[in-house]
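Down below is the structure, laid out as structure tokens.
A, B and C are the chain letters, set down in written order, and residue numbers restart from 1 in every chain.
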């Protein structure tokens, strides 16, 4: 019968009308990102970094700009470490290349900015500031991350 | 039967109060007319606000979203906010537009959409002008809305608009014919074109029971008349961007929108009056029944829109002329024969 | 003397339904299409040229950005091409994971097709439903590789990481729910008479013409040509699975729609089979850090949701490809637009565009 398909379709939409909503109300409810989530900005742990520059070389798009220097004991250390998030492809290559797990994602997906130069992140300064202010055991990474997100949330509110 | 209830009673009370202050009964009449006009315009503008919100909620629910829920409790003030936004928008006129035609089009579209409200029987006796040719008036007025679409399409100096305008003429003219013929069956049964008589004739049996084919034809043609999906070829968002509305901004565009929703209300009111027994119904007051039925019809039209894909222009035309028109004519013949047989036996 | 003349209408690049930034210059006689010439290049990023200044491994993230709704397939095609050049043997488990991911991606891509077709024809609820189900697949990908669209999951010699423990239960839940979802779409869209009449006998491409012009993928199979690289030249481990290749008869929009809807069912069955057969083990072969394929050239193609995706790589023995060319199915399928649209109406152009399912990211490369 002609029109049966139309009625069937109307049944589908009517059923959907009374069904549970599938969407989340974003600013109030936020999805938890999976463990492997790649996104946000790079987070550098200055104490772990051996300034080998492998991350910058692995990057397909020259996102990481770093300069190194040597101190008195002839040990290499970072002089600057800038992450241009505007160029980033989020391919994870830098993190995979790192021999000491010194960099990771900060898992914050709200990374829109008002100005273009805010997209360039000085990871080294952030890392130094953090180690100076927050006294967290370096092994307890996940905890530190949680605190970090908590703080950011407080700041937002 | 003619006890004074509902909206008419309110009007009577108002008339009484005015009678105390105004000596001349003619002045009272004029005042009452002004109040009625105010009431109708309030209904029209409220309609747009309420219906836009309803449409967005209905569409959201059918797509399993939650729809507007930020402005006001449950998002109810969303369309008010939208209206304010539209008023604040820049009024852009395309270069090379036919200025006067372009300006007049949305206004001319709104006038017939508002004028048809005159003959709507909201409750027993609550009708602004109970013309003896009420239905005829409605058809005549609503067919006026073809021209403004074409004017907007032509004057915009935009090819999408022109295609949209031409589509409107083809669509609305060809769907008017089966629509009128489907209404004719009702007029035959009721023996009158007066709205109040038609409603009164349905006190025992709604005409939808006697005229199911006419109802189906009416609903389909009405959807086409008010350019809603699946017959929204005039706008045809994915094909011709927004048709005649493409170049309009701000309040001018809002007038089109207002007219669209006023028309939606109008065809729902007519469906209620002609087929669903108007204000007739047990227990509840007449106007509550009336608005419940109108609401049901509006939901039906929205339900169509958020379920069906759009027809193509040639399919639309052939469906109108080859399916709906014969169906409507057949309905008239069957109604005539049925009436003859009924009279013969009783 | 009265006479009529045709007029030109620029459909796009700013238009609600050209799927990105395609410009179609329509020559119209009233509403009838006389000519429909696609103009592309609005999304050109020079990806082929970029490859020449990247190492082989560094190019994988760029393949994600070709056909951005089926990135897994793009990764797979590129990685298999390079593996063919160097001669890397991929571990069993990784092969199965690759199959699962690409087939899931095929479902996701076809869901987008269905959704965009629905909204192009004016049924926006269909789009919402399609995207809702796709979200389930994206969640799975997110779990496995941390990205929802640009996966870079498939690498030379395997996949970037083994799936997490919660992946398989979630995938099984999806596979159980999927038939019901598909049934819902069939009831909402396939059974709909309006949709049927819109799609039936519009944009007919004969099998002969389709072969001449080089159509591949569902668009070719809808014209009745039985050509699926997964069957004809099984790459990876496709010869181990039991699936059928849905074919159309006429080659109209309706056939292209039905073929894709059927393909989703077949893909789900492949995923189920792969899940049953998948062994334990490593997911990555030992691959040298810096890849230097021997000088020479290689072409390898896979069956992507949109057709035959081929990579042609010329190596001069260095760390970067000397020249890399991608055979993009969307680009080649789009050629047929003019022929398929002639004599149709404006509304049909949209339907033909949607059923050819060209993706601008891939057309412009």
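Keep in mind that, in the parts below, a contact is a pair of C-beta atoms (placed from the backbone, for glycine too) under 8 Å apart; a residue touches a chain by one contact, two chains touch by 3 or more.
Since we're looking at a predicted model, the values are computed, not measured.
Geometrically, the chain at the heart of the complex, using CA-atom means, is C. In terms of C-beta pairs in contact, the better-connected of the chain pairs B-C and A-B is B-C. Once the centre of each chain is set as its mean CA position, subunit A and subunit C turn out to be 29 Å apart. Chain geometry summary: the mean Cα position of subunit B and that of subunit C are 45 Å apart. Separating the centre of subunit A from that of subunit B, both taken as means of CA atoms, is a distance of 53 Å. Residues of subunit C found to touch two or more other chains are 125, 129, 132, 188-189, 192, 194.
Touching of two or more other chains is recorded for residues 62-65, 306-308 of subunit B. Looking at subunit A, residues 6, 9, 12-13, 16, 22 sit in touch with two or more other chains.
Taken together, the subunit A residues at the contact with subunit B in this complex read 6, 9-10, 12-14, 16-23, 25.
On subunit A, the positions that touch subunit C within their shared complex are 2-6, 8-9, 11-13, 16, 22, 33-39, 58-60, 89-93, 96. Against subunit B, in their complex, subunit C makes its touches with residues 7, 9, 15-17, 31, 118-126, 128-129, 132, 188-189, 192, 194-195, 197-198, 345-350.
Only residues 58, 61-66, 69, 303-304, 306-308 of subunit B touch subunit A when the two sit together in their complex.
Note for the complex: subunit C touches subunit A at residues 54, 57-62, 64, 125, 129, 132, 142-147, 150, 152, 160-161, 164, 184, 187-189, 191-194, 196.
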